[in-house]
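Down below are the structures I want you to see.
Common to both upcoming complexes is chain A, partnered first by chain B, then by chain C.
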Partner chain A sequence: MLKTRFGGVLFQAVAFVLAMSFVSLILVAVGASPLEAYKNMLTGSVGSMRKLAEVLVSFVPLLLVTAGLLLTFSAGLWNIGVEGQIVLGAIGTTWALRYFVDSTLPPALIIALSILAGMFAGALWAAFAGILKTFGGVNEIFGGLGLNFVSTALTLYLIFGPWKREGVASMSGTEPFPDIFSLPQLPDLRISPWALGIALVAIVVVYFILQGTYFGLRIKAVGKNFRAAYLLGIPTWQYSLYSFLICGALAGAAGALQVTAVYHRLIPSISSGYGYLGLMVAMLINYQAIWAVPVAFFFAALNIGSIQLPIVLKLDSSLSGVLQGVLVLFVLLMEGVRQKFVKKV
Partner chain B sequence: MNVELKNIHKHFGKTHANRGINLTIPSGTIQGILGENGAGKSTLMKILSGFIQADPGSEVILDGKPVYMDSPASAIRYGVGMLHQDPLDFPPMRILDNFLLGLPSSFFPNRKEATQDFNLLAKEYGFSFDPENYVDSLTVGERQQLEIMRLLFLGARVFILDEPTTGISASQKEKLFATLKKFPEQGMTVIFVSHKLEDVENLCDRVAVLRGGELVGETKPPYNTSKLVEMMFGKVVTLGERQPAQTGDTVLSFQNVSLEDTRLKIKNISLDLRAGEVIGLAGLEGSGQGMFMRACAGLVRPVSGKVILKGRDLTGKSYHTFKREGVNFLPAARLEEGLVPGLSLTDHFVLAEEPKGIFIDRAAGQKLAEDRIKSFNIRGTPTSTVESLSGGNQQRAELALLQSPLSLILLEHPTRGLDIESVIYIWSKLKDRCRQDGAAIIFISSDLEEVLQYSDRLLVFFSGRVSEPIDAATTSVEQLGQLIGGKNWPEKGGAHA
Partner chain C sequence: MNQETLLVGLAGVLAAAAPIIFAVMGETLSERAGVINLSMNGTILLTAMSGFAVAYSTDSLLLGFLAGMLIGALVALIVAFASITLKQSQVAVGFVLALTCRDLAYFLGNPFMGVAGPRLQAFPIPGLRDVPFLGPLFFRQELITYVSFLAIFLAWLWIYRTRPGLMLQGIGEKPAAAYIRGANVNLLRYVYTVIGGALIGLAGPAYSLGVRAGWMGTISGLDGIGWIALSITIFGGWNPARAAFGAYLFALLQWLGLVLQPVLTQVPSQVLQVAPFPLMILTLLLVNIGNAEWVERTLAAMPEGARKFFAKLLRTMRTSPPAALGVTFERD
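Entry: the complex of A and B
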């Protein structure tokens, strides 16, 4: 029974309970009521339409990044550089918007072109990591990490240099774009249905790529055994690079939507750590696309739900990060335990 | 040491791998354990060496005392040591460090003392090692010797050897046997597991035969080979008559090809291979046959000369170009190079086919897998992952992945570790493909009988030298063995094939 899918779910349920208990212990240790904290996080995330919309704002980039990472993980690659790819997406989009801001083209077209520019920039940044890996022998983790730092530096340079606000440069970012260059939002809510649509389409496309296409099967073969895949006739390094490019484009889209649907300008922390969070989501769902939507939503809800903790309970909002991290660790741990169990039975 | 196995049972899930085995091995004997793949030999030996634990009710008794061993480390404390099919050592390390690793010692090992002990022990058993040398410079046979020394040093009194003669040369085998024959005099017990009749007959004082998890018989010399075979398989099996090849047009032609890697240089190989022909490559591991085969596959680029496949000059082209022209390479390391662990049989067959459109037709893939599983007699289902298959079935799966049409099949140790029935089956499939597609076969094997049995011509490799093609029908095992060992070679200069 433990070998079946049900067995896997059982172990993950246990992991979830353990993670919650562990965080509860921490809360008790600092003298807070766990129940109160969880209740606050729940009402703070899905307690009202407004809150729910906030969760979705956070859910969109997280889902896009996760979708992209599912491809690189399938190809056996640790695309740590995804954080920088989000940033480059935001930079590319900002660049395009600045370029077209005075043109006479219809705004809808400009927005579309800008998002494409962001995806292109993200893919380009991923291609750097991919080329370093394929031709330079640089592990993608190191290459990606390096490129992340470069991307942060580039953002700061642009905000305080060539793209600085009239008169004074500040950490609050570049000059906001006029409203016509924003993706339309629902009345009274911050969420743009367009952004949500793009993210959902992305995960569905990735799901089908991995489940039902030759492309996806080849990516998986490359990820599971590079050498055998080559001997079976698959152009291996090309497929590694494809997975980087697609992941970069999706991360770039996340950055593009941060600019066009959320901040309407380039800010220093535009990626907001969604890249690293996406890595955690991908690990938590064991690289199964089918679980990406609920888990990414759950993580986004934790993020938003914890915002009011400092005000109400005088707890730091980083509690959500603790819970997310602990959850991932316990799920991985229980997976290890399960593997041992399966071997013994 | 006297070893007594009493009523040993072992279940793996639904599989009943050992069914109440009772076996007593007196001190000072060399006990042979015969059986085909899956007969339960390895399971029994793993129980005796503490790797796995038998079902409750089973008993292992050493010198009259029942013992419970829950790990290889506790087994060695009782004096039971096992030599594995693949040496468990650390190739990038020095021999001495490798040796020290297994020893219970202080935080800072005394290298000088250890070196002395090492040399003393090596001398006693007639081995010669430089303890400061690196393990990866050793041959498989030498690594075995090293492992034996390590077990001796740890105080082993019972030696279990699992298929130790696979992958070592004839002379290394002789040396190994000579070493093992010294053990009984010192009251040690040797358990020799094999499916090679000849080895068992040459070495063992007594033989136990396992089949289907049960002990089906015990015999003593003089051995009756056909009786042993009958016990192993439950019926009489023979390799069958040699079939002369029907040779056709030239498939592959090497023209003055020279190959080079960091260790070896092979100069001026010329060879014409015709459709339907089977060429066996013999030689000690690492004598250049592997490089030659990879050159045939396009995985190694020649330094000079020309490689022509079916009239097309493919010199310096990539492996994938060779593959498109119908060259298929089946590497020896099945799970490392040949197959993709984690993917199912269906996935493999779909990957090996030309893609039709973007989306995979699942139903067609399933059907393809079912057909192949049936026609290649693979014990598995379309959704079985390749790592869940046994070695023989993995080999069949690799064969089932051969593309069509084919012009050349390259096989590295195609039947290593397989029982005789699988060997016969696999060769009949290969010969079928040869006939159907007008393909030729080149294969590497360290089993001399296999080389002579299945090839039409053979090439012998000896430290970078390649022999003239030799007619397999008129060559004996002894002649071949001597060539492999570097004897009876013509004077240098005429080494054209």
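Entry: the complex of A and C
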């Protein structure tokens, strides 16, 4: 047991080294200094309190999405539609804020209701993918991808149609909401402790669902062996749908927080690829909730750290995506090598 | 709209569908052999960028296309190695590659953004170009579009009319049986995945050296095409002819979106451009719903006449994936 666990860590370390070497080679190939690039990404992400706050802003949606995906992955589902579920969360929240903006309710209540509306919308969108899967026979990957495109179309339609800004509609999004409808932020920093709190609570709850509840056990049973779970009397398709709904609600919360804590309006790229990135985080941590926080933080730091690359080193900021992708790829490959190796011994 | 502009428009649809045709044919071959190459979206972007970069640097369009095929084949090789040899999830590896190749394309393509480079010229076929109606529609295209017509025909011929094609169906449907008949299942899967990848790799340069010449980074408008092509593969039921129909239908819908824009002024243009996607889900639902168990139960409960009608309707639309799609093969 100890030996295999140590072996696992060893293989992961090798994967990490290989990934870093590969990316360094790419950097050398384009005539850049890898060390300079990494140093820049480090100072650009955790070099100051300001940057660290930016990292946390990006960490919040990523962690929420990852938390949700841990449930769908446990149920054996590839919820690629999570990206659209974030978008719908943002749309639901914007809708609610627009609805309540002139009411006499206290702002705190309005914000809370709007976030709930976002979670509901995200869950609804996930339910579509789930129903397409369970009743329509449409694989969740393809149904989800299609729904992602539809959600983008819906956002654009709303921004350029019914919710367009006074005067001229533009890609900059809808009219920003008054400041009282924003989640309070730390002084001088952009991060809202409320948003951070929600994300952390979400991952803890998911951890306990999966580790300590009968519900989580059943979800895992459905994921491990759908047929066996069915024969054991677990209502399989219901559990598939539950995992979709919870994941959608968490992704919806991520979208809701993008509106209430970051952008204060609906913008075309509101989901910013956090859904797809969350899938990568979940894969990298091998679907273990315990590792979600550090890895999501690391990925968020890469995202923020790469922002200044174009200015300082004339490198495209997509370097962070390359690094994240290559890292996950090598970890997957090394896991395969390890399984092959261990089996032979 | 007079007949001439209509013909030009439709000829444009055929050209615009060419890259999708390559991607869909490549994916069909790969999936027929039992391997899902989910990396397609990234592969198309990476090959579009590198095909353009190579053609720009060497001033040779041919080298650009070859570079695209080579890179497409390499990415497919990673998918094959991870799934066949290392027995990892095809979906996971493919998805990671889809994102990584996309970002790699943006990262490496940075210096080539917006530069003017070589591109394919129209290559009218002498004699045929002047045939009324058919000439302007089919025979005044770019070379790569003719190749796309050929690809559909060859892929169909290969799968349904040749012995190796029969074996290809076998390794995707019943690998164990194919193995007993003497097929080296895993080797063949490697071969088809890599050939399929090379075809997918043609899609990128077909864009960047043809229909959407140049490399524009994130605003190239190519992000998402690969996912569409994946849906079309399913819509096509792993049959090249039907898949080609799906690709042309998609290109036609996008073109209609553009044409109808001045007419439907109250609909934002951004919405019309994505109009094909909801239709795509609907078609996926239609071709898949026949596989769902509750549908069969409902059908069974229907009166005889209605049951026969609906069953026939579902059967014509329905497609089922190769039985061993995504399943690793082991001899024992």
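Please note the rule applied: the second predicted complex is superposed on the first by the 342 of 345 C-alpha atoms of A that agree within 3 Å, B and C clash if a C-alpha of one lies under 4 Å from a C-alpha of the other, contacts with A are read in each partner's own complex, and residues count from 1 in each chain.
Throughout what follows, a residue touches a chain if its C-beta (ideal position, glycine included) is under 8 Å from a C-beta of that chain, and two chains touch if they have at least 3 such contacts.
As the structure is a prediction and not an experimental result, all values here were calculated from the model.
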First (chain B), second (chain C), both or neither touched by A:Gly212: first
Contacts of A:Tyr276 with chain B and chain C, given as first, second, both or neither: second
Dominant toucher of chain A (residue count), chain B or chain C: C
Contacts of A:Leu315 with chain B and chain C, given as first, second, both or neither: second
Which of chain B and chain C A:Tyr99 touches, first, second, both or neither: neither
In the complex, chain B residues that touch chain A: 13, 319-320, 323, 329, 331, 336-343, 347-348, 350-352, 355, 358-360, 362, 401
Contact set on chain A toward chain C in their complex: 26, 30, 78, 80, 132, 135-139, 141-143, 145-147, 149-150, 152-153, 156-157, 160-161, 169, 276, 279-280, 283, 315-316, 318-322, 324-326, 328-329, 332-333, 335-337, 339-340
Contact footprint of chain B on chain A as seen in their complex: 212-215, 217-218, 220-221, 224-225, 227-235, 345
Complex contact set, residues of chain C against chain A: 38, 78, 81-82, 85-89, 91-93, 95-97, 99-104, 106-108, 110, 217, 224, 227, 230-231, 234, 267-268, 270-271, 274-275, 277-278, 280-281, 284-285, 288-292, 294
